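As structure tokens, here come the structures.
Next come two complexes, and both contain chain A; in the first it sits with chain B, in the second with chain C.
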Partner chain A sequence: MKDPRIFGLMAEFGDVNSAITAARDTYAAGYRKLDAYSPFPVEELSEAIGFHKNGVPLICLIGGLLGGTAAFTLQWWINTISYPINIGGRPPNSWPSFIIVTFEMTILFSGLSAVFGMLALNGLPMPYHPVFNVPQFDAVTKDKFFIVIFSSDKKYDPVATRQFLEGLNPLSVAEVPS
Partner chain B sequence: MARPTEVEPGEQKAPVIQPGHTFASITEKIGAIVLKRPIMGGWVFGMFICFLILQWFLFAVCWLFYKGVGVWGVNIPVGWGFAIVNFVWWIGIGHAGTLISAILLLLRQSWRNSINRFAEAMTLFAVACAGMFPIFHLLVWDVFAVTTYLTISLVFWFVGLIPDLASLRDQTSNKALKFIFGSLAMGWRNSVRHWNRYETAYLLLGGLATPLVLSVHTVVSFDFSVGIVPGWHTTIFPPYFVAGAIYSGFAMVLVLAIPIRKFYGITDFITMRHLENSAMVMLATGWIVCYGYAFEAFMNWYGGDPYESFLRWNRLHGPYAWSYFLLLFSNLVVPQILWFKKIRTNPVWLFFISLDVLVGMWLERFVIVVVSLTRDFLNSSFGQYYPTQFDWAIFIGTLGFFAACMFLFMRVLPAVSISELKVLLPQAEVKVEHHEAEVHQ
Partner chain C sequence: MTAARVNNTEFAAPDIVNTIHQRSLAVGIIFGVASLIAAILPGTREQFFHSYLIGFMLWLGITLGCLAILMIQHMTGGMWGMVIRRQLEAAVKTLPLMAALFIPVLVVGIPYLYSGSHEGGAGWSGWFNPDPADKHLVEMSHVYLQRGGTATFLFLNGYIGRAIVYFAIWIMIGWALLRKSAQQDDPPIENLSPRFRRIAAPGLILYAFTISFAVIDWVMSLDPHWISTIYGFIFIAGELLSAISLMVVVEAIMSNYEPMVSLLKAKEVQDHGKLMLTFVMLWAYFSFSQLLIIWAGNLPMEIRFFTRRLNSGWQEIGLVLVIFHFFVPFFMLLSRSFKRNPHQLAWLAGFMIFMRFVDLFFYIEPNFHKSVLGGVAGYWLDLVVPIAIGGFWMALFFRNLRLRPLLPVYDMHAQQFLEYAGASHE
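The block that comes next holds the complex of A and B.
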């Protein structure tokens, strides 16, 4: 029976290599609902918990295509349909002159969609999260590494999981209240 | 590959971070500038001066809006005066920040990690200064390029700040500061899933900002190239403008970095390596700019157009010849002493050479904009340009605005990226084998 007051169990590590090894062992032990935390980006650590690909590039591509299409269509519509004027005998749809704005809007939309897509996929802004309840977690932005096994994991068991984490040589193991 | 913090045997270069730092010491040292350092007299004095200049600027701008552009010295034939000169100059300065944050990121130049944060701030403030001139002058064509550039630079800078804001949130015990930094960090909790997406987004932004920064000064140079005025109507402008932008931008980076690293005691993070690398970028882009000057002169002669030939004569012998010679002296002659390693590694020399380059690049914009306009095709439309006190007030005012922003930035946000510096430490090196390799065994 799961205790709804418990979000999971958190193990603390002092250096990057022991955190990666521990994360691999945890994944290999069959835990799937887990997360790792590090003071700086560590590619190996996210791979160790089974997180390889993310959706940001696709969102960025879609955003860029939308931005470019919108910018070109806007200029085309203004110049050929809404308000065509004869400038030096050029055809109304003088597409080469639309390129700069199309280019700039492509960059703008893809950049903004990459950033907002990243934030949305990360579920940010999120002012409250259970991991912040653990006092030693403050050091995650300084020099400590953490692995959290969520209580929603199928294999999660308050006693066995704690024993498992303690077997990984952590600096500490703590319960994360939700 | 050796970490940038380790000095390879036989290597003459200074390390990117002084040896002996840990994750904790980096976090505390950079965080302390914002959280613990008392307000110094020097800071108050500098901020006060900048604030006064800012008020002067405000007055000049109000007067400008009340009276109209007549308060400026622009007239026929010189319809583009200081406003355009300053616009081009400022936006060029901004470019070095993007170059450092985006292009050097793509090229995996890890030394950029300690200077990218304040260089990006410099970009934002410089583009804000540049943006004021189109607002006062309304040059609609640049709107798309400049607003996109400003937005992307702002987003790039803010994304880089998120993990550091979280770090400040965790370091401070002050409730109000915790709330402010916590709100800005949006609940960032250093999850590796978040880092993974974050790194992708950051790399994508770098890839997008690179063509963007090249396009912005290209678009700015098109403002001139599409005109038929002698001295404007040339195809060399886009690359020549971009190189000049980076040239002046790195000069501004050095002008800011040298005092900042000294007064805030962060010579451990902004080392001689950064100063020397920036000096070498200046030397290289300086030569590209000089190639531009040489080719301009060559085409004036080789093209055989009498108006272009007259432009050449006018630059060398006309009433503004002083500006052209001063420009050549500042941009071509003086920086050559950077060939000497002794000069490149001397902060005082570097500081003054950078100031000289900034003056030189401003004069380059002046020569292109003003000198070309004073002498076009007809003798009857020859004229002179006399900037008024309001031209000067608005130019110097933007300098004050820029400096005031930098003063504030240094005190309220981490001036060096905390999380990106940690990656450079030897402790961050991953020694365990790659996961896939284990699977296949």
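The block that comes next holds the complex of A and C.
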């Protein structure tokens, strides 16, 4: 059934609202392996194609906790065990003065884990992606919205899926070569 | 010019607003009577004014926090502001009530608040009644209260004069914004956003200065020998937090009724949740900075604030603040799904308003009692009086909310907002 030369079918929309409606209809029709592309982030569009959760927040949280713990432990170890110095008569474990570095390291590590976690999960950098084989797709960075149903979807059928997409009133429907 | 005004039935506040208005008024009257009795009885009068200052600062904080968020919202734009603009404006409209509520402090309360701390033998004398041996304080109190010579206390009083200036500035900013807002509902439609910004930009600067001066005047001066330069910012962060928390509580109530059922989106609620997280962190950041700088400096005049609050039971209240004013809300607000549900978020928001009360209690009460148990017999008033003020405040707030449509429909962004809200509603 599946033609390895075909990545999927792409429908083009002229405005955000018809793209959202079309994405909802596509999802409701039973298609699950699909993606939507827009010139700016549209939260409803992500929800419409069933994209709810990802692992980035968890990676970010774990990274932040690790960074904070490491920073505090490092300062505590230096000041109490490795090289204790009497600073103005304060106790070696002067935790209030450790908080700033702990805070900064929490932010740094959670920020870095968010960036690298995101890259790891979404597979970027990606030098080649089939959607760019369609000439109209260039407008995705300007003013057009696109929905692609992958050929790997169980319901995908070269004829029926094309008919279905054309029923959504798109500006155009194109086959995406892989 | 003949075009109709915004139809008040379109986007009108739901009937629940009336119900809450009446209930708040009833609560205000019941607790108000109890407070009044406490104010009249000589045995509880001093405690009444301590409690009154806590309640006044709590509700003034919410009012001014709403004013600040309204100005920020005019400066930054964004959909999050569109759905709460009318609620913010209704809160700003309560400023004359707050000004009126300060009169009892000015007329009667000053001696009960600013006479220093004498309990437990280790106290200090205050601005109002300085110890003659404390030459510096005597001299400063003349400057501070503009007292002395032949001038009588009530007429030439620096404290009263400054209070009038603060309220005049706040009411002027609020009035200017509300007047523009009323104009906006009145066709012909013109883009008033730049006009709003022209008020909001200097207004925000004025707000930061005046609120800093006001809290130094009204709260920090309870202990005349102690100074902290970050004090005003701690209160600003707290005010913004209590204001956005109240907005979340109100929007959770309104989200059950039209028009908010169709207007309020999870995304906007999430934005308000993010603001709560920001202000929780900001409050913690400022509060910790104050602790760290004073702790690191370790100077006798500065550490008195913390030596009093970290001993004799007060440290338990401090611990409660660290845990429930920072750690618990911080970790809860990290969750995205939690921030997107207005009803879950509203519970935390209501709790944060209570924690604002605890924070003010921690700032104000230790000035009068060396040990936390020293004033335990009177602390019930610390709850009663803020609830009384809150009852009247809420009654006025919900009455104001009733008077105008819940969405500024003629705002530049409103049309875009409605289109967007409509699309995702199909």
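Throughout what follows, the second predicted complex is superposed on the first by the 178 of 178 C-alpha atoms of A that agree within 3 Å, B and C clash if a C-alpha of one lies under 4 Å from a C-alpha of the other, contacts with A are read in each partner's own complex, and residues count from 1 in each chain.
In the analysis below, a contact is a pair of C-beta atoms (placed from the backbone, for glycine too) under 8 Å apart; a residue touches a chain by one contact, two chains touch by 3 or more.
Everything numeric in this text was worked out from a predicted model, so none of it was measured.
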item	value
Touched partner set for A:E43, first chain B, second chain C, both or neither	both
Partner chain in contact with A:P96 - chain B first, chain C second, else both or neither	second
Partner chain in contact with A:F164 - chain B first, chain C second, else both or neither	neither
Chain A residues touched - chain C or chain B, whichever exceeds	B
Which of chain B and chain C A:G88 touches, first, second, both or neither	second
Contacts of A:F13 with chain B and chain C, given as first, second, both or neither	neither
Partner chain(s) touched by A:Y31 [first = chain B, second = chain C, both, neither]	neither
Which of chain B and chain C A:F72 touches, first, second, both or neither	neither
Common ground on chain A, meaning residues reached by chain C in one complex and by chain B in the other	16-17, 20-21, 24, 43-44, 57, 100
Complex contacts: residues of chain B adjacent to chain A	22-24, 27-28, 144-145, 148, 151-152, 155-156, 159, 163, 166-167, 169-171, 182-183, 186-201, 204-205, 208-209, 211-212, 215, 219, 222, 418-420, 422-423, 427-432, 434-435, 438
Residues of chain A touching chain B in the complex	15-17, 20-21, 24, 35-49, 51, 54-57, 60, 100-101, 103-105, 107-108, 110-112, 114-115, 117-119, 121-122, 124-129, 131-132, 138-143
Chain C residues within the chain A interface of the complex	267, 288, 291-292, 295-296, 298, 334, 336, 419, 423-424, 426
Residues of chain A that touch chain C when the two form their complex	16-17, 20-21, 24, 43-44, 57, 61, 88, 96-97, 99-100
